[in-house]
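Have a look at this one.
Think of it as A, B, C and D in the order they're written, each chain with its own count starting at 1.
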Amino acid sequence: MKEATPTEMMTIVAARRLKNRATCFVGIGIPSMASNLARLTHAPEIVLIYESGTVGAKPTILPLSIGDGELAETADAVVSTPEIFAYWLQGGRVDIGFLGAAQVDRFANLNSTVIGDYASPKVRLPGAGGAPEIAALAKETLVIIKHSSRSLVDRVDFITSAGYLDGGDARQKAGLRGGPSAVITDLGVLVPEEGANELVVEQLHPGVSRERIQEATGWELRFSDTVSETEEPTDSELSVLRNLIARTESARAR
Amino acid sequence: MKEATPTEMMTIVAARRLKNRATCFVGIGIPSMASNLARLTHAPEIVLIYESGTVGAKPTILPLSIGDGELAETADAVVSTPEIFAYWLQGGRVDIGFLGAAQVDRFANLNSTVIGDYASPKVRLPGAGGAPEIAALAKETLVIIKHSSRSLVDRVDFITSAGYLDGGDARQKAGLRGGPSAVITDLGVLVPEEGANELVVEQLHPGVSRERIQEATGWELRFSDTVSETEEPTDSELSVLRNLIARTESARAR
Amino acid sequence: MSKITSLTDAIHEYVHDGDSVALEGFTHLIPYAAGHEIMRQGRRDLALVRMTPDLIYDQMIGMGCARKLTFSWGGNPGVGSLHRFRDAVEKRWPHPLEIDERSHASMAAAYTAGAAGLPMGILRGFVGSDLPKYNPNIRFVECPFTGEKLAATPAINPDVSIIHAQKADRKGNVLLWGIVGVQKEAVLSAKRCIVTVEEIVDTLNAPPNACVLPSWVVDAVCEVPGGAFPSYSDGYYDRDNAVYIEWDSISKDRDAFSEWMKFHVMETNNFEEFRERLES
Amino acid sequence: MSKITSLTDAIHEYVHDGDSVALEGFTHLIPYAAGHEIMRQGRRDLALVRMTPDLIYDQMIGMGCARKLTFSWGGNPGVGSLHRFRDAVEKRWPHPLEIDERSHASMAAAYTAGAAGLPMGILRGFVGSDLPKYNPNIRFVECPFTGEKLAATPAINPDVSIIHAQKADRKGNVLLWGIVGVQKEAVLSAKRCIVTVEEIVDTLNAPPNACVLPSWVVDAVCEVPGGAFPSYSDGYYDRDNAVYIEWDSISKDRDAFSEWMKFHVMETNNFEEFRERLES
C-alpha cells in the first residue's frame, strides 16, 4: 500500500488514542476523520458529538461542515446549540475534545484568535468557537496541528484556550482539570511532561529525526526518556481511511 | 336558564376580563375553565399556556390535571418545564397569570404555603408551585378565590407570592412590575385602589349586599366610588360554559 | 449487569439507603412502578426530590422511606391535600421530614444547572416572597453588567434519578414525548439513572429533535408496561383520575393507609400484582 | 401589515439603520436571502450578531452595512478565512468594525439569557483565556453556595432577529427541524423577528416536541424557497459546498468582491434573480 501522507499519519495516530465507548467532542477536518476512522476500526461504539448539536452521529461519509445533514440524520439525538454546550460539554459528559489552532506553545496553550496584537492584528484568525470551553471542560484534549516553527511557538501571541498556562500546576491552580494529553503533528507526538507540564517529544513518526522536529519547533525541544518511533500505519488503517475519503469524495461529486 | 352558581359566576366574571389574543398562563380549575370559556366566546385567539409546557393549547374538554394529554395534543408547541418557565413566563411573554390561594390579604399578597407558623404549621398547604414567579412576571395577574373571612384576611400568614406587599409603591420599590389587577370571588370583584394599592370592592355580584361581603372579609372593606353590580351572566355565556362542563364530564365518564 | 434489566435488580443495584432520589414526570409519565419497588425493597433515609410530589411520594413519605423532601408543590392535583405529606410535616408521623421548599421555576432552574454542571441556576424570582426567609437555599446574586439582584438556586444533582418513558431500543436508547417536564434534566443531573419504559422496541423511529436519551447516559432500562399508572403514558393509556380521587380517603387515615399499602404494595411482588389486587 | 408578507416589505418594516441584527442558523438554515435584501435596501450602521458569521456576514461587512460584530467564530467553514471580515478588522476597510468577541458556549448562554429575560448567562468558561482581558463583556460572578467563580456573559437581545425555517402555516406558526442551532433563542430574545421559510402549508403536522414557534412570537413570515442557499434546508436541498469554496477567491480582492456583489446582489431585485445570475 502507498505510504501514508502526513495528514493520514496524523489522523491515524489520533484515531489510535480513542478508546471504544469514549465520548468525543469533534470538530471538522482531521478530528472528524480520526474519530470516524476509530469508529470504523477498533472503536465501533465511540460516541461522536459535534457542536452543531448532534449526539452520537454515525456519518457514512465525512461531513464538510460541522452541521451537515448527514450528521443529524445518523445521530441518536439532535439538540440545540445551547443544550450541546450546557448539558453535554459543560455537564461533564465529554471524555475527549479535539482542538486545532494556528499556534500552540510549549505549555500547550492554544491560539486561534490573532497573530500579533489583538487591537490591530497582523492576521485576524477565525476566533474561539467552542475551543475555550472544550479545552476547559473535556476530561482530556488532543491537539492536532501541522508542525512548523510558526505554529509550534515558545509563547502564543494570544491564549484563546488554556493548556497548562505557565506550566507546573498553573492550570490546576486556575481551577481547571483535564488538559491536553497530546499534541499530534505530522512529525510526531508531544506530551506534557509530568509535573512541569512542558511539551516533550514522545513519538517521532517514521523517518523523522530529532533534528528535523527541532528545526520545525519554536523552542528548544526536550525528548522524553521513552521516546519511540510511531508504529507504521497498518494496511487496514490505511485502507479504511482511504475508503472513507473516497466514499466522501464520490458522494460530494454527485 | 337556571341561575349561575357561585363557581359559574366567578368563572364568567374572570372570562370577561380576558381579551382576544391575550397570552394567559393558566392553572387547573376555575382559571382553566374561565380562559377556555373566553376562547369559546369572545376571545377565539387567546393563547393558553399551561405550566406543564403546552403553549397554545386548545382543549375541547377541560383538563383535570395540568398535564393532560389533551393539552399536549391540541397545543401549538410542547416544551420542557425549564423552558416554559424560562423562555415563556420569565421571558415576558405572559400577559395574564391566574392565581388561586388559601389566603389573600388587603394588599393582594397570596398565601399557598402554610396556615400558622412555617416550622410547625397548623395546616401545611401544597406550596408555591409556579405562583411566585407568575405573580412577579406576568404583566397582570387575576386572583380567584372563594370569599370567606378565613381566605380574605388582613395579613396573610405567609407571603408565598407577592401582591402589593405593604401597599403603596412597595411592590414597585421591590423591583416588581405588574401585580394583581383584580381579586375575583363568588361575592364580587376587588381591585387595588390606585396609589394605596389596597383592595377595594369594585363589583358586587347580583344579590350580594355590602354587608354580606364585609362579613365574609377579614378586614374593614372599602368600596370604590364607582362600585357597580356585576352584569348577569348572559344565556350564551352560561350555555357555552355548561356545554363545556357537560362535554368534559361525559368524556371523563367514558 | 446488562443495561436492560428487571426493575427489581435496577432498584437493588442503584438505589441505596440515604441516597438523594428524584422520581420525575410532570403529571405525565410519573414512575409509579419504580416508587413501589423502592418501598418494597425497604429503602430508608432517602432525600426525595420532585417538583410535584404527587401520590407516589405521599406513599413513600407515609411508609417512612424519606428523611427529606425537596419540592415546589405538594398536593393531589385537582383533588386536594397529600395527607401523608401533611401528616409528616404537621405531626411528624411516621417521623420528622426535613423540607427544602422552592418554586417550580427555581426547581426547574436547579435541575437545569445540575444537568449543565453549574453549581447554581439563576432566575428572576422570590422578590417579596417569604420563602427566602425560611429556606437558606434561596439566595441572591448581583448581575455584574446591570447591577440587578437575581435569585440563585443551588443545583440539584441527585444520587439517582428515575423516570418513565414510552420506548427504549435494545441498546438502551430512550425516547419520550408529549409533556416531557424536567425528565431530561433529572437524568442528566444525576449520578446514576434508571428508566422504566412502556416497551422495548427494535428501533425508536424518533422524529427529528425528539427527546432522546442516548443509552450511555442511562444506567438501567426496565420494561414495565403501565409503569406510570395511575399517571399516564401518551400513546399508551390515560390518567386514571378515579385512583387520584380515591387516594384522598385512603390516605386520610394512618391505619387505612398502612393497611392499603401493606396489601397492595408491600405484600405484592411487583407492579403487575399490585394492579391485579387493585382491580380485584 | 399582514403577518405573511414579502421579504422586501418585512426588511423594510422591521430592519432599521443602526439596529442590532442577528441572522442565525448553525451551518444549516442560514437566512441568506434576508441578508441580501438588507444589503439591497442599503441598511447602514448595523450591529451584527451571529455565532458563526459565515459568508453572509462577510458580504454585509464588505458592503459596509456593519459598525459592530458580536461573534464567536468568523471563518469560512472547511475553507479558511472570511476575507472581508479580516480586511475590516486588519485594515479597517471599508471602515472600522468594532468587535465583541466571545466563545460559542458564551454566545449560546447569552442568547438563552436573552430569551429568558435575564440580564446575563453564566457558564464555566474563559478561565485561563486571554479573551476576558480584551472583552469587558466577559466578567465573573461568585456562586453564593459554593464560592466558585463562574463566567458571566451579558444577554443578547437584538432589535431584530432573522431566521430561515422549513415551513410555516397560513397563520404564521413556524416549524423547523434538524440542526436547530440557537434559532429559537434568537427569535425569543429579539424585540422583532422575521422568519423566511421554504414553503407555506395548510397544516404543519409537527411531530410531538418539535421546534415550533407560535405565530404570535413572529412579526413577519416570508415564503422564500431556497432562501438558505448556499447553506441548506434539511428535507429540501443540500449545502452547495462549491459556492463556499469559490467565495474564497471572490472575496480575497476588494474590487473583485465589489463587482461580484454589485452584479449578483445589488443589481438584482430579489433572491431568485440572484440565483439566476449566479447559475448563468
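What we mean here is this: contacts are C-beta pairs under 8 Å (C-beta built on N, C-alpha and C of every residue); 3 or more make two chains touch, one makes a residue touch a chain.
Fair warning: this is a prediction, and the values are worked out from it, not measured in the lab.
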By C-beta contact count, A-D versus A-C, the higher one is A-D
Subunit C to subunit D, mean C-alpha position gap in Å, rounds to 40
When centres are defined as mean Cα positions, the distance from subunit B to subunit C in whole Å is 28
Multi-chain touching residues of subunit C, meaning two or more other chains, are 112, 117-118, 123-124, 148, 178, 180, 184-185, 208-211, 234
Contacts with two or more other chains occur in subunit A at residues 72, 78, 86, 90, 137
Contact graph of the chains (line, ring, star, complete, other): other
Chains touch in the following pairs A-C, A-D, B-C, B-D, C-D
Given the complex, residues on subunit B that touch subunit C span 28-29, 51-54, 64-69, 71-72, 78, 80-82, 85-86, 89-90, 109, 113, 118-133, 136-137, 158-162, 165, 171, 174-176, 252
So, in the complex, the side of subunit D touching subunit C is made of residues 117-120, 122-124, 137, 139-146, 148, 150, 152, 154, 177-178, 180, 207-211, 234
Residue set of subunit C touching subunit B in the complex reads 26-28, 51-52, 71-75, 77-78, 81-82, 85-86, 89-90, 101-105, 108-109, 111-112, 123-131, 134, 148-149, 178-182, 184-185, 211, 232, 234, 238-239, 241
Counting only contacts in the complex, subunit A reaches subunit C at residues 21, 23, 47, 55-56, 72, 76-79, 86-87, 90-93, 137
Subunit D residues touching subunit B in their complex are 112, 115-118, 173, 184-185, 188, 206, 208-210, 212-214, 216-217
